[in-house]
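Next, two complexes with subunit A in common: one pairs it with subunit B, the other with subunit C.
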Partner chain A sequence: MIRLTVDDREVLVEAGTTILEAAATSGIRIPTLCYHEKLQPFGACRICVVEVEQMKGRLIPSCSTPVTEGMVVRTRTEQILKARRTVLELLLIHHPLDCPICDKGGECQLQDLVYEFGITQNRFKDQKSNHPIDYVSPLVERNTNRCVLCGMCVRVCDEVVGASELSMVNRGIRTKITTDFDRPLDCEFCGECENICPVGALTNRQFKFKARAWEMQTISTVCSFCSTGCAIKLCVKNGQIARAVGEPEGGANRGSLCIKGRFGYEYVMSPERIKRPLVRRNGKLEEATWEEALQTAARGFKAIKEKDGPEAIAGFCSARLTNEEAYLFQKLLRTAMGTNNVDNSGGYAHRGYSPGLRESLGVSPAVPSVEDLRSSDAFLVIRSNVSETHPVVGYQVTAAVKQNDARLIVADPRRVKLSRLASVHLSHRPGTEIAILNGLARVILDEGLEDREFLAGSTEGLQGLKKSLEKYTPAFVEQATGIAGADLKQAARLFASGEKGVIIISAGMGFGGDDAALARCAANLAQITGNAGKPGAGVLFLGEKNNSHGVVDMGAEPDRLPGGQRIADDAVRQRFEKAWGAALSSKPGRAAEEILSGAEQGSIKALYCVGENPLQTYPDSRRTKKALGNIAFLVVQDLFLTPTAQMAQVVFPVTSFAEKEGTYTNCEHRIQRLRKALPPYGETKSDGEIICAVAKALGTDIGPPAPEKVMAEIAGLVPRYREVTYDKIPVKGIMLDGAGKNGNEQGKSEALPPRAQLIPVDFVAPPAPTAEYPYVLLTGPLLFHSGSLSPRSKGICVVCPEAFVEIGHKDARALDIKNGDTVAVTSAKGSITIGVRVTAKQNPGSVFIPYHFAQPPVHELTDGSQPQVVVKIEKRTP
Partner chain B sequence: MIWPLIKGLSVTFKYFFTRPVTMKYPEERWEPGPRWRGRQQLLWDEEKGREKCVACCLCATVCPAQCIRVEGAENENHEKYPKVYEIDLNRCIFCGFCVEACPVSAIIMTGAYELAEYERKDNIYSKEDLLKEPQLPGGAEKAQTFNLETRLISK
Partner chain C sequence: MAEARTIEQAVEFITTEMLDELDSVIVDYRGTPGSLIPLLQRAQEICGYLPAEIQRRVADGLEISPSMVYGVVSFYSFFTMKPRGKHVVRVCLGTACYVKRSDEIMQNLSKELKIAVGEVTGDKKFSLEGVRCLGACGLAPVAVVGEDTYGLLDPVTATDILKNY
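Let's turn to the complex of A and B:
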């Protein structure tokens, strides 16, 4: 610890702290323009100068000067203020002072400082700068004339986002911040640069001229896209969202956002949304009153329950529901309808990461928090294009690598963004991740790099695992995955050498092996290296959607009640029966895949889809269509008239995330609150209200839909949520038990493994390309989109409007295909016509199609029973 | 007894022979003074061919009666302009703060004081209404108008 004096106040701080930070700890504010806590000190603006007794004769930039013992600092002498005024005057020489029309006006740091220092005249005169303004780049507008050259945009883009799109060009007074050769931006469009810009040099195009900073009401809520669960602030003017900004208090993101969070909210205000309930009359969906729609739905479910029994009813819920709504939904199905046939969207395409992890590490394993990732020193990112699926988690990994020299191993069949930063990029054949993880485990065990103490003290099943790993020699792995043995060994050594190693896996990649198996493998490797249950280490499983983790916790699974408690367990069931006042079936219900096959065979007659759109998002859409066509009574609850909703008998319109209250649980098991920013659109109601109304129409009371009441009920039944009080959830959320902490939380009724389990997993080779179908089709998400929701947002569609197939250069040459050509992609299941993007990302032998778009329907190619499909590509002559 | 009567009537007769204070409105109309704060007018920039207003919303912010509604937007030249500029004259207290706050001298107070309408909605002036020069009573010259920067703008 170092003791110093700042403005006659004694301050005690750790060595390495800067003067600026030391002053802040004792409440002394030093004005800055180029300092940001997320970035390395830069010392560009010279506003933060201070006087130091020991360094007399010159002014010291406090943001980049570390403290020393006995330092005597003064922050507001006459000389300092004069220097600061001069700096501001110099900045104002070229600044256009167009505050009335600048969108930053009112929250501009330069404006605030000029006001604070009372500068009304400028002693220096020169021509105002006259750089052309970039109106071409989508989403972000660049007006270099207003720039103060603080360099924060350049640094955030480089250090945090890792896109390195902007740079300083020229020297002296001719310096400007721009791209190479002043081309328009072609980056991730995360808007971090725009957000961090202290002046109006970079502004949000969506927000352009919409409102002044002081006119808006800001509401802290949670982003509705991925499971990072970034806290956002929605700025509302006249009942419309004017913009979204990161919430600096936010737990997971600390103010950072990606393109989806910042620019993707527009779907909320889309005119395509359904306003009133729809009921099918004479084969056509027509608008109806709520009363009629609810009665129709209740009659339909009742009729089927009486005729075919409760087992003929099933429900899908989206992983975008709030915890409360997911809880009410499964309660509705289990009590009012009497069936356990309930599953969430995660249950189909990417079945079972959570069950896989649960078997290895217990019901609520320790999860590294997103914030802790910065302190981790080794990452293995496998089957997880984290920079695109969960960009803000990607920022943390990037920052750990760039700022703290963490080791990064990326295993991905495509050359993704993180590959550039990786120490080792394992470019493997798609669908062979299990072989890699087993191979890494074997190398680590062979070379004696494992954490023996942890293995002996906290795990079980090492012998069995060792035996199962015998066959995974580097040679075998090379043959199975295409990764050179030397690379595998290097990756294993790098990962094992980390003090805090994190394995990142994510759902929603839509291709490759069995996810439960992959989760077990990842858990094995984490245990072998002693990383399970350490803060900042372990397995970070990223669910695809904002509440993927919450809906699983809330029991939207066929065989588990809320809290992952087994329905087959009598004690558990009795507890829930008592709480809910209804008899529960002990028979585990059907999972999503079985529900669809049941529908095909005719044993499922009624389906209640809440926020789910299986027709567009589940594999093998022809078969899904057939299955849904077989369903006599389909009720859909959605924001939009999706392809699935178009087949429904009753469609309920729902409110979006911005129009309701509730909680989401993110990937690090942080529970955060949604806050209502807008009034409900049209006559829409929240999912929870509709679910309760349906229950009432069915003659069952499942309680009021008010989230605080539902959460109180959940807290009483789910051990992990017992300390959650709805009204007391702060903006940064609450970490649930076990999250970010060590050890398993003991659910009272759950028979937990006392120790973490090492479960051997065998590798099954995925279907290989054949002469007829020579390419492996990878489907997955894009950076710019999330699920099937974001294509409804205008701003995002400016950047990425339509689907395409990515083909590597070599394959494109062989097929004589150029960028922008149209091709037919055909699998054994179907064929689609789609535009081509030739890219260096793609390795030969595989092609990639994002799955967000309704057209062309990529899921006509995929096959639910196979982890991946092989396709052929034919050029279409235009 | 008669004395008070005479005393009282003397006042009456005194006024009987002075010039009347009242006017035969509407046959005669009063001409407002140069600093009279009547309904606002938005000014047109002849050079640029657009309204002077840049929709900075300072008038709406400063307005104590909160009667100004401005919605900015981008025109084809990427400039900020008021897509909506509305003054609710039912609520306006004619304080002139909007004129003082305007950084581009786009708004002035005019001499127009005849603002009665049959319906309240007719007293909500749109941008188009506000851009029109008001018809001043009795064909009088337009009133000189108070403005912070130049103190007097006369036309």
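Let's turn to the complex of A and C:
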């Protein structure tokens, strides 16, 4: 610890702290313009200067000078104030001072400082800066004339986002912030630069002329897209969202956002939303009253229950429901309807992942927190394009690599953003991840790089695992995956050399493969390297949607009650029967896949589909269509009239995340609260309200939908939620398990079971390309979108409006295909016509299609029973 | 649009042999930290200048962003984004030379070569540039052709120096 005085106050701080930070700890504010806690110090603006007795004769930039023992610092002498005034005058020479029409007005740091220092005239004069303004780039407007050259935009884009789209160009007085050759932005459009810009040089185009900073009401809530669970602030004026900004208090994101969080909320205000309930009359969906719709739904379900039994009814719920709503949904199915046929979209996308991890690491495996990732020093990113699926988690990895020199290994068949930063990029054959993980484990054990102490003290099954790894020699792995032995070894050594290693895996409909096996394999590797149960280390599994993790915790699974507790376990079931006052079936229900096959064969007759759109998002859409067509009574609950909703008997319109309350549980098991920002759209009701109303219409009381009441019930039944009190959840959320009490982000070692299991997993080769179908089709998410919701947001669609197939240069040449051509992509299941992007990202032999778009329907090509499919490609355009 | 034009220019001034050589050089620098500036110097030696297309190639090759490359190229005065002739004619416009009418020398050279400052002759033999003080004020006015320095020039006969090339 270091002792110093700041303005006569004694301050005690850790070595390495800067003067600025030390002053802040005792409540002394020093103005800054180029400092940000997320970025490395830059020391460019000199507004933060202070005097230090030991460094007499010059002014010291406090943001970039570390404290030393006995330092005597003054922050507000006459000389300092004079210097700050001069800095401001210099900045104002070229600045246009067009505050009345600047969107940063009212929250501009330059404006505030000029006000604070009372600068009324300028001793210096020169021509005002007159650069052209960039009105062409989508979402971000650039007006360099207002720039103070703090460099924060350049640094955040490079050090955190990792896009490095902006640069300081030229030199001296001609210095400005721009891209190469002043072209418009062609980047991730995360808006982090616009958000960090202290002045109006970079502004949010969606927000242009919408509101002054002080006119808006600001509501802290949670992003509705991915499972990173970024906290966002919705700024509302006149009942409309004027913009979204990152919530600096947010536990996972600390104010950062990606394009979806910042610009993707627009779907909430889409005129295409359904306003009133719809009921099918004479074959046509027509508007109805809530009463009529609810009664129709209840009558339909009752009729089928009486005629075909409860087992003929099933429910799908979206992983975008709140915890409370998912809980109510499975309770409705299990009590009022009497069936365990309930599953969530995650069940389809990554079935087995949670069970896989549970078997290895216990019921609630310790996960590294997103915040702690910055302190991790080794990353293995496998089957996860994390920078696109969970961009803000990607920022943490980028920052760890760029700011702290963490080691990064990326295993991805494509050249992705993170592979550019990686020390080793394992560009493997699609679908061979398990062979890689086994290969890495074997190298580590062979070379004696394992964490022996951890293995001996905390795990079981090492001998069996060693035996199972015998065949995974580097030569075998090379043959199976296409990864050279030397690269595999280098990756293994690198990962094993980390003190805090993290394995990152993402889930999503596009990532095929056996998730349980992959989970076990990743857990094995984490254990071998001792990366379990300590902060900043472990396996981080990223569910696709905002509440992918919560809906699993809430029992929206066919064989498990809330809390992952098995329905077949008598003691468990009896506890729930008592709490719910209803008899429960002990027979595990059908999972999503089985529900569809049941529908196909005629054993599932009624389906309650909440927020799910299987027709567009599940594999093999022809088959899905046939199955849904067979269902006698389909009820859909959604924001939009999706293709699935169009087939329904009854459609309930729901409120969006911005119009309701409830909680989400993110990928690091942080529970956070939604807060209502807008009144319900039209006559919509929340999913929870509708589910309770359906129960009531069926003559059952499953309790009131109020989230605080439901959460109290959940806390009584689900051990890991027992400490959660709805009203007490702070903006940063609460970490479940152990660490929950004070919300601190440290590791949760108490969640580890006494002994973690090392479970051998064998690799099964994926379907190989054939002469007829020579390419492997990869489907997956894009940075710009999430699920099928974001294509409804205008701003995002300006950046990324439509689907395409990515083909590597070599394959494109062989097929005589150019960028922008149209091709037919055909699998054994079906065929679609789609535009081409020729890209260096794609390796020969595989092609990629993002899955967010309704058209063309990529799931006509996929196969529910196969992790990936092979396709052929034919040129369509002349 | 601006980019399309520069690439056209590049096609005019940069040969496929140059590109091939550049690509092989890039491979040597890949993965070495701090390699951007030395690689750009090599690229300029090979291609003569650093237009958008060459900068993109360097950026792709090193897997860094083109904006970063542009930032560096635009910062250092020894990099040029305009094509240069075989012989670069630089006229000193520093104070000492200026008072000795180096602006007239510039005008005459420009007339003689039929190009403006910053341009290249049609046969790509000469390009014309203005520079700050060359540190040879004693010899003012000064002009440099390639590596050769010419001092104490007479504004009227200064164009004769071109005859040596």
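Criterion: the second predicted complex is superposed on the first by the 857 of 878 C-alpha atoms of A that agree within 3 Å, B and C clash if a C-alpha of one lies under 4 Å from a C-alpha of the other, contacts with A are read in each partner's own complex, and residues count from 1 in each chain.
Going forward, a contact is a pair of C-beta atoms (placed from the backbone, for glycine too) under 8 Å apart; a residue touches a chain by one contact, two chains touch by 3 or more.
If you're wondering where the values come from, they're calculated on a predicted model, not measured in any experiment.
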Just checking: does A:Glu723 make contact with subunit B only, subunit C only, both, or neither of them? Give me first, second, both or neither. neither
Partner contacting more residues of subunit A (subunit B vs subunit C): C
For A:Arg212, decide between first (touching subunit B), second (touching subunit C), both and neither. first
After the superposition on A, what does A:Glu116 contact: first (subunit B), second (subunit C), both or neither? neither
Once the structures are superposed on A, label A:Glu874 by its partner contacts, choosing first (subunit B), second (subunit C), both or neither. neither
Answer with first, second, both or neither: which of subunit B and subunit C does A:Glu53 touch in the superposed model? neither
After superposition on the shared chain, which partner residues are touched by A:Glu683: those of subunit B (first), subunit C (second), both, or neither? neither
By the touch definition at the top of the document, which applies to A:Met168: first (subunit B), second (subunit C), both, or neither? second
For the complex, which residues does subunit A have touching subunit B? 99-101, 105, 133, 135, 208-212, 214-215, 238
The subunit A residues in contact with subunit C across the complex are 158, 163-171, 178-183, 420, 840
Sort out for me which residues of subunit B touch subunit A in the complex. 54-58, 60-61, 71-74, 78-80, 103-104
Residue ranges of subunit C in contact with subunit A within the complex: 2-3, 6, 52, 55-56, 59-60, 63-71, 74-75, 77
